[in-house]
Amino acid sequence: MFQNRAEALALALPAALFAAAVFIAPVVILLSDGFRAPGGGWTVSAYTEFFSSSLNQAVFLRTLKLGALVTIVAAIIGYAAAFAIVSLEPGKKGKVTGLIVLPLMISPVARTYAWIVILGRTGIVNQAFQALGISEAPLRILFSETAIFIGLLQLFLPLMIISLISALENMPKDAIPAARVLGANWFQVFWKVILPLTKEGVVIGGTLVFTGCLTAYITPAILGGSKVLMLETLLYQQVTVSNNFVAASVIALILIVMSFAANILLKRVATARNKTRIAR
Amino acid sequence: MARNLFIPITLGLVITFLIGPFLIIVAASFSAGETLAFPPQGFSLRWIAKVFTVESFRDSFYMSMFLAIGGTLVALILGIPASYALSRYKLPGAETIRTIVSAPIIVPGIIVGLSLLRYIVVPFQVGITLALFLAHTALILPYAVRVVSASLGNLRSDIEEAAVLLGSSRLGAFFRVVLPNIRGGIMSAFILGFVTSFNQVPVSLFLSGPGVRTLPVDMIAYMEIVFDPSVAALSALLAFMSIGIVFIAERFLGFSRYV
Amino acid sequence: MSDANFLTLENLTLAYGDTVAVKDLNLTIGKGELVAFLGPSGCGKTTTMRAIAGLLSPASGHVKLDGADITRVSANKRNVGLMFQSYALFPHLSVYENVAFGLRLKKTPAAELDKRVKAGITSVGLTDYADRKPGELSGGQQQRVALARSMVMEPKVLLLDEPLSNLDARLRLDMRSELQRVQKETGVTMIFVTHDQGEALSLADRIVVMKRGAIEQIGSPEDIYNRPTSAFVADFVGFENIFELSDGRLKTPKGPVELSGPVPIAAGLAWRPRMVTLGSGPFQGTVRGASFAGNSREYLLDTPLGPIKAEVDAALPSHELGAELAFDLPVGAAAQLRTFG
Amino acid sequence: QEKTLTISVYALAQDEYKKILYTPFEEKCGCKLVVETGNSVERIAKMDANKANPVVDMAVVSMADALSAARAGLIDKIDTSKIASFNQLYDIAKDPNGDGMSVGYTFYATSIAYRSDKMKIESWADLLKPEYAAHIAWPNVTTNQGPPSLYMLGQALGKDTPDLAAPIEAIGAAKDDIVTFYEKSSQLVQLMQQEEIWAAPIGRFTWAPFTKLDMPIAWATPKEGQTGGMNVMIVTKNSKNRDLALEFMDFWLSADTQAKLAEARIDSPANSEANVSEAAANNLTYGEETAKSLKLIPSAVSIDNRAGWLKSWNEKVGQ
Amino acid sequence: MSDANFLTLENLTLAYGDTVAVKDLNLTIGKGELVAFLGPSGCGKTTTMRAIAGLLSPASGHVKLDGADITRVSANKRNVGLMFQSYALFPHLSVYENVAFGLRLKKTPAAELDKRVKAGITSVGLTDYADRKPGELSGGQQQRVALARSMVMEPKVLLLDEPLSNLDARLRLDMRSELQRVQKETGVTMIFVTHDQGEALSLADRIVVMKRGAIEQIGSPEDIYNRPTSAFVADFVGFENIFELSDGRLKTPKGPVELSGPVPIAAGLAWRPRMVTLGSGPFQGTVRGASFAGNSREYLLDTPLGPIKAEVDAALPSHELGAELAFDLPVGAAAQLRTFG
C-alpha cells in the first residue's frame, strides 16, 4: 500500500519546499557572509580567527558542556517522567500533561525572576538546607553555573517530556515484557528496547533541549550574573553592541553546526546498540 | 510494590521542580508587594487588574495568539502529511527532506529574524505580519514533523490497510484510524509549536514593524526597566489560558465519538 | 465471464522490494467457491491475499474480479474483505466499533447496523465483550473480533488469513459452521489459509497448495489428501513413506526394492502411515519408536527400505520397542506421484 | 488620503505616550501615527536593511546610536528652523553629537542606589571596597549603564583613558566577589528586596521602584559626579514625510508635552521651559544644572571603543 | 522441595484492574515435566503464564519455583522463558539480534553466543532469514523467531503460548520433535498452550484443562482424551454425544432412555463419534448430515435420544442422507463423567 513514490513526494514536498524557501534560503545567504573574503572570493578566516582566541575556545567548550549536561539530565528525567505519564490511566494522563505544559507558558524572563526568589540567599532552597542542617550559612547558588543549569533544565525539560510521551505511547505493547522475561533489568530494557523504539522522540527532544540551551540568552545572563559567558551571549553582543553581523553569522553557524552534530550524535547513540553484529 | 511507587514519586518530584517557579509567579500575581517574593506579602488583585489596563499588551496578545495558533495549524497541515510520507514510504532523499524541515529549530532565532528581514521582507516587500507568520510557521514545522513522526513510527501500519479494506479511502483511513492513534503526538506537536511561537522573542525582535508587535517582545521591553508583579500576573494568566487552549485542542483532536 | 471464473489471477508476480515472494501465479476461482490456500510457512499465501485485496500492487500480472480487471483498482473500491493474520484491530476502538467500522462507512442505517454488528459479535461468542478495547482481550478473543469484522461486511470475496489458528478445537468447530452458514446465506466467495487439515477438508471446495511462491497442485480436498501428485504435496499433507520409482522399483538408500503386485507408471509412490499394513507382508522391520495419538498408535520402523512410519488403531495390541514386525506397502493404496522433488 | 507618519521609539510606557503624545498629535495634524517599538540597536538594524525604501520617518535612539546611524548614512541633517521649540532646549540637547543630525529630547543621570544603613558611598571606587564588593551588582558592559559606570570608576581610580582599561581591570579583579553583573535593571529591585545586594549603579529612570521598598535606600552623589545618557531624535534619510516628522518633533519638544511626560514620570524634560512639580522632579533627572553636570561619554568615544571595551570586558570578567 | 513440586502455584488469583481473570488456582508441576494448558479462548491460560513469568503480579497467592517463593521476584530474575502469543518480537532488531537478545544480556561469550543463536535459528528453519527485520517476515516465520528466541535461553521453565499455531502441519511436526529434543537435552520444565489435540497428546506429560479462570481437570493426555471427568472437558476434547445420567438411565429431551448392559455410577456418560457403533444396536436413527474428513466419514443422526454424531472409517461403504440406521452407544466404551455441567 505504501509503494507509490509520487504520492509520497506529494505529501512531503510542500513542507520541504516551504522550509527551504522561507527559511533555509535566507539563512544560508546570511551565513554565507561569514565566508566572504574582504576583496571578494571565499575564505574561512573568520572561523580560524574565532577559534584562535582562547576566550572563544573556553566559551565554546563551556557552552558545549552545559548544553550536553542539561540535555543528558533532561533525557534521564524526561524518560522517567514520560514513562510514568504514559502508564497513567487516560484521564489522569491528560491532567498531568497539562501540569507539565503549564510552566512553558511563562515568559522565560519571569521564570528566571522566580528562580531568583527560590535560589536566593534567603530563598526557599537555602531555608530548607539550613533547616535540614545540610548547610549552616546560606549557599551561593544564584549567579553560578549551577543556577544556569537549574534554570535551563526547568526551561527545557517539558520539551523533552512532551517529545517522549508521544514516542512512548505507541510502543509495541509486549516489547517491554518480552525483554523482561529474556532477563533484561530495567536499565537494559531501557537501553536496548525503549531507547531504540523511541529514538525519534529522544532525538527531537534532545535536539530541542540542546539547541535551546545553546541559544538561550536571558536565563544564562540573569541566573549566571553574566559571569559565565556563553556562545549565544557572544552572538548577542556582536549584534546588539558591535553591530557586526558578519561576526554574528560566524557564531551562528558554529551554533548551528553544534546543534546539527548533537542531532546526529543523538541518533547514533539511540541506534548504536542495535547494529546487527553477526560474526560471519 | 516498587513499580507502583515509581510513578507517583517520579511525577511528584518532576512536577514540583517544573511547577515551583510557576507557583512563585502565581503567588506574586496575587500579592500586595512590589516584587516577587515567597511567601507573598499580602493579598491584592491590583496586579491582575493592571494587566488588563495595559493597552499595548492587548494588541500584541492578539498578534501572538494569531501567530501561535495560526502558525501551529499551518505547520501541522504541512507537517503531518510530510511525517506520514517519511515514516510510511520508502522515499529517496527522505533524510534530506527530514533535515530540511527540521532545520529551523537549530538556527539561532536572532539570525532567523535578521535574515528574513534582509532577504525576504526587504527584497520582496513582504508585510511584517506575513513575514512573522511565515517565520513562526517555519519554526513550528520541525515539531510538527518530528514529534508526529515519533508516534507514527511505532504505529503499526496494518490497521490502515484494514480500514481501507473495510471501504475507507486512504484519506479516510488516515482520519479514522491513524489520527486517533497518534493524537498524543499531534497534541505534543501542537503544544510544543504553540509554546515555541508564543514565547518566541529573538525572531520577532527583527520582525516587528510599525504597529506589529508580539506579546513576549512587549513583555521583555516592559521588564527591561520595571519588573512589577503585573508581569507575573500576565504570565500566570497566559499559563492558565494555555491550559484552556490545550484542553480545547484536546477536545478538537479528541474524536470523542471514538473514545 | 461466467461464474466459473469469478476471480482470476493472471501471471501474478509479487515482490517486496527485491524479494520476489510470488512468481507468475495463475489461478481461477468460481463464484461462491470456498478455496483453501495451503503451503509451508513463507510460501506466499498472505502475499497473494494482499494482492487480491489490493494492498500490494503486482510487479506484473493481473487480478480480475467479476469480469473487470481490478489490478489498478484501489483496495477500498474492490469490495474484497480480508481478515489479517495479525488481526490489525483498531486499538482505539471498542469491539463494537471495530466491527461496525466498515458498515458505518457504507452509511448503513443505524438500526440495521446495530443489528448486524450485534449479530456478528454474537456469532463469534463475544457478546459480553462488545465494549472492551482490543488490548483488553485474550488472543483468541482478538482473533474472533477480526473475524467478525471482516464477515459483517459481506464482501464479494472474503479472504481469511488463518482465521481460526488461535481458537480451541471446540470453538473452531463452531466457527467453522458459522463460516459455512454465512457462505450459504450470502454466497460469498471465500479464500482462506489454514494449517489445520480438518479445516481444509471440511470447509474447502478446492485446495491450492503453494510452494515457494508458486502453485504446486490444485484439487479437491480428497484429491489433495489422497492423490497428491508430487512428493512435495505428499509430504506436506502427511504422507510419511515417500519413494522415488525407477524402472518400476522403489529407490531406497540400500538400493532398488521390488514391490509385490503391478507397479503403475509414475515418478514416485507414497503411503500414509495408516496405509502401511502391519503384521504381515514381504518386508521386515524393527520397532524403533512408538507414540500414542488418541485413537491410534504410530510406530517408527527400521527397515531395509529406510525408516517407515506405520499407524494402527489404538484398540489393537501394542508392540514393544525392538520387536520385529512384518509389513507391506500395498501398491494399490499408494498415491502415485507425477513429479518427484 | 490621510497622511501617515511612521515613528520608531523605545518600547517603554507606550500607553502613556499614546495619551500624552500620539493621540493629541494625531488630532492636531489630522494625520495617522504608526509606531514601531524596540530597542535602539534592533531598530537601527532594521533601518539599515530598509535604507533603500525607508519605512520609518523619524526615530528616537541613544546619542551614540545616532552617531553610528549618521556614519552609516541612514539619517539626514535636521532643519531646526522648522522646530519652534528648538531654542528652548538646554544647550547640551541642541546638537549632542555636533553634526546637526540629532536633537536630544530627554536625558538621565546614572549614579548609585545603595542601602544607607549598610554602607556609605562617597566615591564610585567605594563600591569595590572589600567589605562592599560582595554586596553589589554592577551593570554588564552591554547595558546602557555599563560603559558610563566604568567611565566614572575610571575617574575615581584616576585612570580615565578612553579604553576603560583600568576600571575593567579593577572590576575583573573583584569579579568573584561582585554578586552579579546585571543585564536588566528591573532585576535590581528584586535583588535589593531580597538583600542579595546593597548597592548598584542605576539610571535615574529606574529609581522610583526602589523608593517604594521598605528599606533605607539612597541615591549617591559621589565626588566624581554622576554620569548618564541622553536620548535623541533623528530623521531618516529619504523620508517622504520630512515636514510632518519635524512637526511631530516640535510637538514632542514643546514645553507643554515635555512637562506632561515628566509629570507622568517618563522622560526628564530637555526643554528648559518645561515646569515640573517637585514630586516628579525627585524621580527624574531635572534641571539645567543637573543636565550640565552629567559626565557623558562622548558618542564618538563610545562608538569607537565599544568593540574594544567588550573585548577586554569579556577577557577580564567573562572568563 | 523435591523435583515433584518444582513449580507450584498456590491459590493464585489474577486480575486486570477489576476483571478477575484467574481465581484461586492451585497447580504443582514437576521438574522436567511437559505440561499443556488447554481451555477455551479467554479462560486465562495466557494470564496464568504471565503470572508465572512475573509480568503480572498476583492479586493474591504465591508462585514457587525450585523451592523459593518467587511471587515478588521480578521477571528478569526468574529465569523463566515465555514465548508470547503475539510473538512480541523487537521490531528494530534483526532475526539474529532478536534471538541473541537474552544471551547478550547474560554476557554469553561471543563465540558461544554466535553458535547458540545460529543453532537456534537453524532449528526453526530460518537460516536464510537471519538478517531480516520481523516486519519483513511471514506470520509463521515470525512465530518461529519467537520460538527460537525463547528456546535459546534454556531457562528453568519455558512457557510457550500457542507456539505453533501459525505453522503448517509439516513444520509443526518438525518443531514438535525439536521441542522434544531440547526438552530431552536440557531437561527444561515446559508449559505450553495449544489448541491442537495431536500436539497435546504427543508432547504433554500432563494436561491441565482450564475453564473460566479455574482448573477443571488435570491428567495424562490419555486421561483427558479418554476419561474426561466432566461434561465440560468431554465436550472440549471432542466428545459429541454427552448425556446426563439419572437413576442409571440417560436423560434425553424425550425422556429417560435405558441402555443395554450394566450402567456405572456416574453423573453422566459421553461417547466420541468414533465410539458409536453404526449398523447394529438397539437404537434407530435417520442420517441428517454427512461429512468427509480424510480417513473417516462423520454422520449426523436424528434419533429419539436427540442428535447423535457417529464416525466410521472412510473405507466402509457410505450412507445416503435420509437413510435409516441402527446404532448403539456401548456403555463399556463411554467416558464416565463425575460432574455434569
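Labels for the chains are A, B, C, D and E, by order of writing; each one numbers its residues from 1.
We adopt the following convention: contacts are C-beta pairs under 8 Å (C-beta built on N, C-alpha and C of every residue); 3 or more make two chains touch, one makes a residue touch a chain.
In this text, all values refer to a predicted model and were calculated from it rather than measured experimentally.
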For subunit A and subunit B, what is the smallest step count along a path of chains that touch one another? 1
Interface with the most contact pairs, given as the two chains involved: A-B
With centres defined as the mean of Cα atoms, the chain at greatest distance from subunit E is chain D
Rounded Å distance, subunit C centre to subunit E centre (Cα mean): 21
Averaging only over C-alpha atoms, locate the centres of subunit A and subunit E and give their separation in whole Å. 53
Centre distance in Å when subunit B and subunit D are each reduced to the mean of their C-alpha atoms: 36
Just give me the whole-number Å value for how far the CA centre of subunit A lies from that of subunit C. 55
Please output the residue numbers of subunit A that touch at least 2 other chains, ranges allowed. 1, 3, 109, 113, 116-117, 123, 172-173, 197, 236, 239, 245
Residues in subunit E with touches to at least two other chains are numbered 86
Contacts with two or more other chains, residues of subunit D listed in rising order: 39, 42, 45, 184, 187, 190, 194
Considering the complex alone, what residue numbers of subunit E touch subunit C? 16, 19, 38-42, 45-47, 85-86, 136-141, 143-144, 161-162, 165-172, 195-198, 201-202, 221-222, 225, 235-238, 274, 291-295
Which bits of subunit B are touching subunit A when the two form their complex? 6-7, 10-11, 14-15, 17-22, 24-25, 28, 36-38, 78-79, 81-82, 84-86, 88-92, 94, 97, 100-112, 114-116, 118-120, 134-135, 137-138, 141-143, 145-157, 160-161, 164, 181-182, 184-185, 187-189, 191-192, 195, 198-199, 201-202, 216, 219-220, 223, 227, 231-232, 234-236, 238-239, 241-243, 246-247, 250, 259
Note: in the complex, subunit D contacts subunit B through residues 6-8, 10-12, 14-15, 18, 34-39, 42, 45-46, 49-50, 52-53, 55-56, 184-187, 189-190, 193-194, 205-206, 209, 212-213
Residue ranges of subunit C in contact with subunit A within the complex: 55-57, 75, 135
Residues of subunit A that touch subunit D when the two form their complex: 55, 58-59, 109, 113, 116-117, 120-123, 142-143, 218, 221-222, 225-229, 233-234, 236-237, 239-245
